[in-house]
């Protein structure tokens, strides 16, 4: 008796026999379908990839707030500046990654906490994508995915060097990063939102209500 | 058969709706084609293009009617139809209806290539514009779905109507939204059709225009019938009537 | 004497009488229509992207066996367990078995229409496993004890007032007010703990990536990640047509999907899930299961519906459908409503049960115009009508009517006198050019006047004119 798997694959074979069989060149054909993809995707507003990324992320379609600093060592004060003036005392939870943990957070006017649920998370994205204004996280030992989703405010540092032009450029970069595929590759584009009730947009449906992105020109190890 | 002739032989397919419900449209088409320099013939044994059968899934019946029409019209230089949906039936769907009949397929393709909806024929093939026409009134235009989506008819009726002196054409909100006729749909699913045409009627009234025009009698009868039931004063006629100088005649559903 | 009204027509009529529903439909689908138009207008490469999207899907469908095997191999290599389900019952059973093996008492679900298709909510309830819907709209639908009415906005049939009433009754802590932001905040609060204490998280898949064995989910809320990261087990249910060759191909289709569905350019959360948690990962599920579901898709392949397998579930077709916009989703009585639903439902439920769906359509073609992968929906719907006719499913009145019409139309010598008589007969019912009632025309005249025909037909008038001019 055939297993479900065998039956389904057989049914596919039977159906395909009535159509053209594709032969051995499936991968070739798939590759060909990506040729000239530039004509099928939006063009960036300018050749300045980082500038385009920042404009899109801060624009109405993404709705993040954006900042840029010269080096990673300036991150704590940039975070402190962003959080200054908030009524709640700013307790931040850092993504447990060495570049962030090794910074001097003492003078920034923030305190360090453990509970990220409905709190403030500070994370370090590996890539940014200018086409969409996305920041990208890959799960790992020092990148818990839940941090990005449980917080109410997500502050994300992203290396300028890691900002690519298009989604396809990220796909290429991820493939050639030399790492094994992660459990989760998360492309985050703005804060959580929903239009499920009458099509009216509300932020913070389950994920964070606010996303603040800080582009860092130097100091993040590759 | 000389398609470059200065006086092409045109077979006029009036459509069953025009034949039955509003011959004026047929005579308007006749007049326009003659004014556009065509030699027009009306095969007297024409009946129906088969679209109601085709859209009901009765493909065999549709194929019978397709073969009949092909036989009646394929000898002309052009076949012209005052209806986007019937023209599309011939131009786009005859090859589907006759898919299993290779001999007829070639003839269907041949006929499709020279079949035209009336207003697009006048503008795109004959470069015709009416002259010396005047109709001082406000009008609005409904783009029937088949003509619009299957045949790309949109600019042509407006170009023709623009040549009518004194005719103010106002844009219709949702001009490209279906009116809910859909052939047998309007009687099979009458309640849904009514809801759809109710919105169309409201949109027409919203323009403040006195006259509703379009290129397909089915849509026009459907909308006219709803407007009338609602007590509207808006008159409805086929655009060809206005362009043929018959715009002062009775509207659809008026005594005449 | 009243004839039994078929269920579709009575459901449609009930929907037509529901003014609140109409408001809800216009606010959501009407809004979506406008937003899509803006997004497409802002994307000049959209027509080229659409052609490419169609080509990619057609390529996958033409090589479905190849991609299924490649996906399975790569998924297994990444540590996932891959299951195959021929039918909806088999798919649900597999999911329940995995849940039971995991000792699951509580399951969270992110939105999956495929999950609805296979009857997963009901299966979970029957198995006594607590089901927590995390997508806001599915949460609303669950609290209301209803089913989704749109594939992108499952609760589009609900007004804000109705949602407020629901939340006030069902949330552990009542919303702060009836304003939409407070309703959303209330749902966020109500669901937060459940996310973190679920044993199993079940998601769908927007795409299955063949060359990595990864599964792609897209959400605006972030509930997919909250559903699939905390629990020990993550189960994906996906139709076999969701395959794409690589991430790059997924991106090409995502550019079409989001604009067509919501008018955004990209969803807030686009995540690729590949295998379970790695040994060093900070979080993630320990088990990752993928259930590949056929449920009629291979039949579609072989029976002239391959083009329907291009569908990327954007919902644009129903947003632009004049019928859907009047009756909403529930009237269709099926998992999938609107034009795409009317093509799919006869496959899933059988034509005999659902032949009203492909017929309740004007064939106006707007759906095909907005479909981001160029599915010829009117052609496929007409194809179902053709099958329905051949199987004798259409009512006798319709078959007789069309048959008689066709007979006369094929015999012009009979047609001419018959039409002449009809015209004279119809005019008997005319008052001032209008017919407000006549026998056999009830469907028309119930709602509209019928314009009285002219005195004689075009052909007879033309013939008379020719004779007159020849004298």
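The letters A, B and C name the chains in turn, as written, and every chain counts its residues from 1.
Keep in mind that, in the parts below, a contact is a pair of C-beta atoms (placed from the backbone, for glycine too) under 8 Å apart; a residue touches a chain by one contact, two chains touch by 3 or more.
Note that the coordinates shown come from a computational prediction; the quantities given were computed from them, not determined experimentally.
Trainee: Per-chain Cα mean versus the mean over all protein Cα atoms: which chain has them closest together?
Mentor: C
Trainee: As a test of understanding: of all chains, whose mean C-alpha position lies farthest from that of chain A?
Mentor: Farthest chain from chain A, going by C-alpha centroids: B.
Trainee: Whole-Å distance, chain A centre to chain C centre, using C-alpha means?
Mentor: Taking the average C-alpha coordinate of chain A and of chain C, the gap between them is 30 Å.
Trainee: Which whole number of Å gives the spacing of the CA centres of chain B and chain C?
Mentor: Averaging C-alpha atoms per chain gives centres 33 Å apart.
Trainee: Using Cα averages as centroids, what's the distance between chain A and chain B in whole Å?
Mentor: Taking the mean C-alpha position of each chain, the two centres sit 53 Å apart.
Trainee: Could you pull out the residues of chain B that touch at least 2 other chains?
Mentor: In chain B, no residue touches two or more other chains.
Trainee: Quick check on the complex: what are the chain A residues that touch chain C?
Mentor: 3-5, 7-9, 11-16, 18-20, 22, 26-27, 29-30, 33-34, 37, 39-43, 61, 96, 117-118, 132-134, 139-146, 148-150, 167-168, 171, 174, 180-200, 202, 204-208
Trainee: Which chain C residues qualify as touching chain B in the complex?
Mentor: For chain C paired with chain B, touching residues are 9, 12-13, 16, 322-323, 326-327, 359-366, 368-369, 379, 382, 384-390, 394, 398-399, 402-403, 405-406, 408-410, 412-413, 415, 419, 422-423, 432-434, 436, 441-444, 446-454, 456-459, 461-463.
Trainee: Which residues of chain C touch chain A in the complex?
Mentor: The contact residues of chain C facing chain A are 24, 27-28, 31-32, 43-45, 48-49, 52, 55-56, 59, 62-69, 78, 83-86, 90, 134-137, 140, 153-156, 158-160, 163, 180-181, 183-185, 187-188, 191-192, 195, 212, 214, 220-223, 225-226, 229-230, 240, 245-249, 251-252, 254-255, 262, 264-278, 280-284, 292, 294, 298-299, 301-302, 306.
Trainee: Name, in rising order, each residue of chain B that touches chain C in their complex.
Mentor: 14, 16, 18-27, 30, 42, 44-48, 50, 52-59, 61, 64-65, 68, 96, 145-146, 149-150, 176-178, 180-197, 221-222, 224-226, 228-229, 250, 252-256
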